[in-house]
Every structure is written in C-alpha cells, then in structure tokens.
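One structure coming up, written as structure tokens, with questions to follow.
Labels run A, B, C and D following the written order; every chain starts at residue 1.
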C-alpha cells in the first residue's frame, strides 16, 4: 500500500501543465482541502455534540440520523443568508478582513507533514514559518474589527490583537524547546527523529524529563492564539456581543468560522508534530507482535496525525465548556507573569538536558 | 392618641419614636395616627421635611437608616398630591414609622430627601414621573419609567391617555 | 516653558532648547466614547440600557435607563378588584411568581385582618421556598454565562425544570401561577406531592454541591468576581438594598427572621452572611455565595414544613377566602422576603369600592439597581457585566 | 512568591475538578433520562443522563391538573356571563338570546337539572389573549368552563386563535331573534290593549 502511494505521488509531481508545476500544486492542495473540509465538519458537528453531551443534553438530532448533516445544514444556511455590509462600514477593510484571516490560518498547513510522503512544502525552516505566518491573522482581525465601524467590534479587535501578539512569545519559546530537542526546524525531520520501534517512548514529550512543561505552556498559549476556551475574550459573547465579527453575516461569517476551526486544527497538528511525534504511531514493538511496523507508513501516518489532532481539538472543546472567561488584564498577567518566565525556565532546562545528557 | 385601644408592641415603639420627633418639631407635625396596619404622622410644614428626615436618621435613639418605600398618592378629594414614606431602623432598633407629606395638586413642591437616603432618588423620580410632584433640589429630576416626552402624569385620577405617541395609536 | 495658544494647534507647550531649536508639545486630544450597553445586550438580564462613558476599557460613568418593560402595574391595579390583581403580581418578578403572590396576599390579609388555616400557611411556605430555589438557580446560572461558563447554566436549568414540574403539579401552571389567593389557596396540593418534594430535596443536595464545585470554587470565577463592586454595609442600607445584596454586604437582615410573617417564626434556619474568609464582604462573590448558601437553607425549610404539615382531611383551601373583598378604609404596607430582596406592597383603600385606591409595589430590583451608578465608576467593562450579574435584576420587577 | 505559586496551584486544582465534572457528564451521556412526568411515582428513580426531550416527537409531560387551554362544555352553559365580567383582560365574548316560553323544553336542562333560559349562539374565547389565570373557571356556577392540560396549540393564522363554542348556527340564531322580536311585539300589543281596556273601564267606571 505504501509504495503504490509513492509511485502515484511521483507521477503526479512530474505532471507539468504548460510549464506550470500543476502536480505539486495539487499535492499541496489535497491536505488543505481534506483538512479544511474534515476539520470544519468534525469541528462544528463535534463541538455541538461534545458540548451537548457535557451539558446533559442531546445536541442536534433533527438533521440526518444523529444530526450528522447538521454542518451541511449550517453551511447551506450561511450560503443563502444575505451578505450584509453595514452602510457606514469601511467597505474595503470589511471585505478583506475575513480573507486575510482565512489565509493567515491556512497558510501554516503548507508546512505540516501529514505523512512521510505527504507534505506541502518541505521547508527546512518549517517550524519558523508556521509560527511566523500565524501573525497575519492579527491583521485580518484588526481589519474586520475596524472595518465594521461598530464600537463593540472595535473593542473585540483591539483586545484580540493584544492577546495574540503577546501569546506568541511563550508559544514560540515553548516550540523552540521542541526544536532544540530535535536540532532542526524542518517539520518532516522533527517527525522522523521521533520515529522508532518503541513507539511513544521516542516522542519528545517522553524524551526529556522537562518536556511536559513546554508542552503545557504551548498548549495554553495556543488556546489564546486561536481565541478559544478561557481566552475567548475578543468574541466574548456576554460582553462584546460577538467581538470583531458582530457585523458579519452569510459567507463572510462562514469564512471566519472556517478560519477559526482551521487554526484550531493547525495548532493541534503543530503540538502533535513537535511533542507527540506527528505521523509516527505510538504503539511499541512488543517482540514478535511488531505493532509499530504494522501501523506505520504513509497512509497510517495521516491517520495518526489526524487522530492526535482531533484529540487535542476535543481537549480544547472540553476546556471551553468548563471554564469561565478571563478578564483582559488577567490574561496579560497570565502571559507575562506566568507563561513567559516558565517558558524561559523550560528553555534553559531543555538546553542543559540536551547538552549534558546525550 | 386614643388610650382606650390596647396598642400592639410595634405601634408603641413607633409612638415612642414619634414622641422624640414631636419634641423637636412640635407644631410642624400632625398628630400621631396609631392605626394597626401602618402607624404614621403627617408633616404639615413641608419645608421642614428634610430636617425631620435628617433628625430621624441621625438621632441616637431613632436611627431610621432604611427607607423601605416612598410611594406617591393622589388625594383627589382634598385636591392634593402626597408621598407616603415607610422608614425603618435596620439593625439598631426594630421600630418603623410612616411619614406623609402633601402638596397642592398643580405646582406643588416637596423638598427632596435623596441627600438623606439615596434610595429616595429613584423613588422620587418615579413619583414625579407618575404624579407630577416636583421635588426641589433633587439631583436629576426627570422621568424614570415613561419616555421623556410623555404627556401627562399616568397615575393621576384625572389622567386621560394621549391619542397617539409619535404617531403610534396609544389606546389599543 | 510657556503655555501658548497657537492658531490651528490649540494649547501647546513651547520650550526653547537653544536659539534655533524650539520644542512644541501638544497633548493628544482624547475624549471619552459614549458606549450604549443598550436595551438589547446579552448580559443586561433584560431590557436595561446602561449608557457608559468609557475611556478605553475603563467605564468612568454608567447611567442606567429604565422603562422599556413598563406595563403600568399600578394603574392596572386601580381598575381591577383585589383577587384579580394576583395574576398581575406574578408577572412583576416572573422568576418568583409564588413569592410575589405571597407578598401581595399577606398585605391584603393584614388589611382585612382575617385568620388563615395553618395548612394553607405551610403549603404557601413550601411553594414559596421551592420558587426561591428556582429563582436562585436562574441567578447563579445566568451569572455563570455572564462570565463565560456556559455549562453550569444548563445544569441549573435542568434542576429548575424539576421544580417547575413540581409547581405545575401543585398549581397547574409552570411560572405564572395565580395559586396563592387572598385568604387561602386555589387548590390543595395533590396527595403524594409532599413525598415527591422530599425526594426532590434528597436529589438536589448533591447537585448543588456539584454546581458549586464547577462554578463557585473555580479559580477563574473567583478571580473574576472577588473584590469587584464592593458595597460597604451602611451605604448598602442607605441605598435601600435588601435580600442577598444586603446580606452580601454583611448585614444580617432577613425579613423572614427580622419582620416574621406566615409560619416562619416556627421554622429554624440561619441567615447566611459572608465572613470575609472565602470572599471580601460586599463584593460580587459574596452576593453570589449568599445565594448559593440560601438554597441550602431553603431546602432545610422545606423539609421542616413537610414534617410539620397538618393533615389534609376536611381541608378546603378556599375556606377562609371572603366572598366579597371590600376592605375598610385604611392603608397598609407589608412585605415579604423575595429571592431578590424585599417586595413590599403599599395599599390604600377608601372602604367603599372593591378596587384599591392605590396599590404601590416596592420592587427589590428597582432599588438594588439604583446603586448601579456609583458601583460602576471606574470599573472595566467585563467587571461591569460581573456587577450587573451579581445584582441579579429582573426587568419585569424593575419597570413594573 | 508563595502567593504566586499558591495562585497557580489553586488555579490548577479547581480547573481540574471542573474538568472532572464535565468529563463525568460526557461519559455519562450514554444514558437518557426517561420522560416520566412529576406526577409519576418513580420520577426520581429515573437514571441520571441526557435530560432533553425532542419536542415534536416526544411529548413534554404535563400533569392531569394542568391549567392551560380553556374548554367550555356548552351544553352545561346557562349563559350567565359571570366569566365575561371576571376576566381581567376581557378575552371572552358571549351573546345570548332569551329562550321563548314554548321553547323551554327544546332548550333543555344542564347536566345537573337546571333549566337553561338562554340560547348561546356566540361564545368566543380569544385564546391568544387568555393568560390562563383561571378567574373565569372559579366564578362559573355550572363549572362548564374548565382548563385542559393542552399547553401547545400554536396556529399559522391568528384568527384561528378565536375559539367558537356557540351551539347555534347563524341561521338558527336569526330565527330565534325574529321569534323573540315577534313575541315581544305581541306582548307589547297585548299590554297596550290591556292598558286601553283598563283606560276604557276607568272611563266607563266613572
């Protein structure tokens, strides 16, 4: 199964259309479309069902057998909804906002290795690119917030800029600990370094005794970066109505929604790659029962990274439906006074561990 | 005060409180009406009402620090508007007393006591909104429940509903 | 350094560094943004408009505007006779219909001076306390939503649904009952109603503990509510605060204990007041805690009432209801302890007609809200939302 | 410094307990709580699980003595109009026609043997306005106006909210009115004749 896949992707890569490397574009597009569609449907439907089960209620049951078609119903609803642009809105910014937001959150998918064969762009500075590109979202949010000429969305936009920009620092440092353990920024290389017959024992999380600290710090910081769970202050429903996307309806709202779920999955994918061995299977080889070998390979790889990603999406949803929301200044306190110092501590300890312990 | 009727314990306490106020303000107050459901007295010289209120709140033996309710009333028979304040001492003594202050129907003034009890601020605004009683030196006397440009004072007995409000037919 | 007013630049500060360098400084003109936390806002618990002058996130001054839900309760009362006012009292504080009816019935009974059968009194206390728990559940649940925690709200409403089912079984309606009449009750409670209420009490106690673990003890919730919107005791009294608000400020004042009515003197329950260890006295958290503690007290009261309930043979709930209610000339002010505070009725009757001359409802939320202007000075917007949530207003009662 | 770490510790502990609770509910979501009503004996013995009901398919349990939509058993109604006066929002409108003397048998009696003296062609209750306060059912002497535990009666057209309980069709009502009018005219004519005779006698008598 593995090699036929490689042959097929070699052929596709060779396909040129009037000198345009169309094949490569298609290869890069496949994970995007697959992930976008999959994470959106799983995200929206999963969020509704998981939150329902946590709150002793049934969740959507009307559309489809167990409410399966609920996401399609949502998309259809959003499609046929009128796309209102407020009269006094700054038209250009209002329209460009969601676009930049969507692009910002999906560009990082280019560098994520979905299996040994599948990676959009195998940059050797993949991790650096992933961290940097997410910052475009801030521009999109500001444009959306300012463009809709509504006091509440202005509040939401300003708050989210402060939040995303300040949380990038602990997130970056925590990821650097992972990169230090791997010694490279190339995502594919990081994942390969974590493969081995002992399965999960090779993952960086278990490689060094301090690795759980950057893992935890990055997870919390990533929550803040995608405006989720206790840090959903920009679109705090009870205070700012809906933050920067108050005025959006129809397809623009769907795009922002898609961007949020896309970046939710992207953040979970990054944390699985850096700390939990991306597409390597966690099952160890027990003597003759070589579970690891059986469950590895290009297609298995995709399954593993997606299932780990969905586990982290579940944890994000789990946090969202349990915890109240932090206030903006408490958010900053947590970032600068708690996460960043601990990130530096973990950075130093990982360095010591990497240098002195072979 | 009729001595014949045996007064209940709470009414006696109110009577004692009234006696202290009566000492100081004498003729400005009416006689103490010791009825069972709500013992009250009336302030005849309305301009003294804030001083009486201040005395009731700060006098060591009275300590009426809690104004439970201030309700406007339209005494159509006597062509007067008035307010009935139920005041109580909360935490010190458990006596309570009602005070009535009346003013002529149109153009009548009652001095405001919102500086003595903050809760009076909104109650007086409501009394103004519903009855048109003007309260002198009230921080911001404007309508509280009805829209600001509503004509007439709804709770007066001789109140006629306006036909339309901004083009909307009022009586359904 | 000189203050000059140069045309076109406004007031500037001019300092001369040396003969050819002059520094001109001008303050950035900032003015405060008027933000209407308008009648339609997710966290104003109904149609309340808060016009805030904000300077960045800080609210310098918030002016509440009322009247969006004004239904002329007092004018209607003057056109309808005494028993027909009872359905109107339900609709004032629609989250605690039974308590409002109880307050109104007490007032008129005090005016008429009639004797009520003991079983009626006990049934009234049970349904009123059940309604208090249901109302506190809404208060706690919506306070969770204001601060972002959605799940406790649904746990609260799941348990409140059971209470509404019980009250529907007793009175026939879920929220607006018209059950407590002047002098008695509309119907007697069904035969094994008391057994079911006892089962409910046993069911609800662990659920209340789970709710407090999930919300009240949550560190983020405590961080968002502790030390915010502090109201000292004497200022609270001056503002006329009552109920959980006053007890939250540390004043041990409960009308069921200090101005007893119905059969409350025979029941023993304590009045929970925060002692500053878990929360600062007078802040949002202590108001919330008082509500949570009060639910346990209500459970105790209900159990005692079930034990003391007189038997039901030969009991007609409408025995003491006078045929024609035409009270003697006079006036009365009586009140009861509603979940949100003191609900008092001032009734003036002229002795001739069956309609009250004046029926004023002293609403607890109207008075609790009047302190909003001072409480909100210098707070952040998320704290403003927390304070409104802790005051727990119901606009039906505020606007009447 | 200890307060700083204490802060983090309590934060972590309380968040963990909160997460534990929601996870417990998540894994308990395989059971569904039954739809027994409160008046059911083993209501509290139902299993603790998902408690929502799917409204149009599953019926929300209402007790038998639920006081919701009004129903008037028109046979027992004697047309006294007490309910019309008792209703605070006057959502009941009724028209009655006096039963002519010879029609009494046709008009019949109420279930407890009371002779009905009015035809009731029109007895409309505007259910949209009715707030089911129950004032009318208490004053009704023959208790023909009762509440039914039906609480969901939504309509597409607002006029369907006016429920007609009258038991006479328009034609019969017209016939009855015409008959009454004739009877009155006849009675009037007799009275005048009698008055004229009495006048004649008194003239004759002098």
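Rule of thumb we're sticking to: a residue touches a chain if its C-beta (ideal position, glycine included) is under 8 Å from a C-beta of that chain, and two chains touch if they have at least 3 such contacts.
Keep in mind it's a predicted model, so treat the numbers as computed, not measured.
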| item | value |
| --- | --- |
| Geometric centre: closest chain by C-alpha means | C |
| Reference chain D; chain at largest CA-centroid distance | A |
| Where chain B and chain D are represented by their mean Cα positions, the distance between them in whole Å | 43 |
| Rounded Å distance, chain A centre to chain B centre (Cα mean) | 65 |
| Chain centre separation (chain C, chain D; CA means) in Å | 32 |
| For chain A, residues that touch 2 or more chains besides their own | 54-57, 321-323 |
| Interface hub residues of chain B, defined as touching at least two other chains | none |
| Where chain D touches two or more other chains, by residue | 15, 18, 21-22, 51 |
| Arrangement of touching chains [line / ring / star / complete / other] | other |
| Pairs of chains found to touch, sorted by chain label | A-C, A-D, B-C, C-D |
| Chain D contact footprint on chain A (complex, rising order) | 50, 52-58, 61-62, 318-319, 321-323, 337-338 |
| Chain D - residues contacting chain C, complex | 7, 10-11, 13-15, 17-18, 21-22, 37-39, 41, 43-44, 51, 61-63, 65-68, 86, 88, 131-135, 138, 147 |
| In the complex, chain D residues that touch chain A | 4, 8, 15, 18-19, 21-23, 25-26, 29, 32, 49-52, 54 |
| Complex contacts: residues of chain C adjacent to chain A | 33, 35, 41-43, 57, 144-151, 154-155, 158, 214-215, 218, 220-221, 223-224, 380-383, 385 |
| Contact set on chain A toward chain C in their complex | 51, 54-57, 151, 155, 230, 232, 236-239, 241, 321-330 |
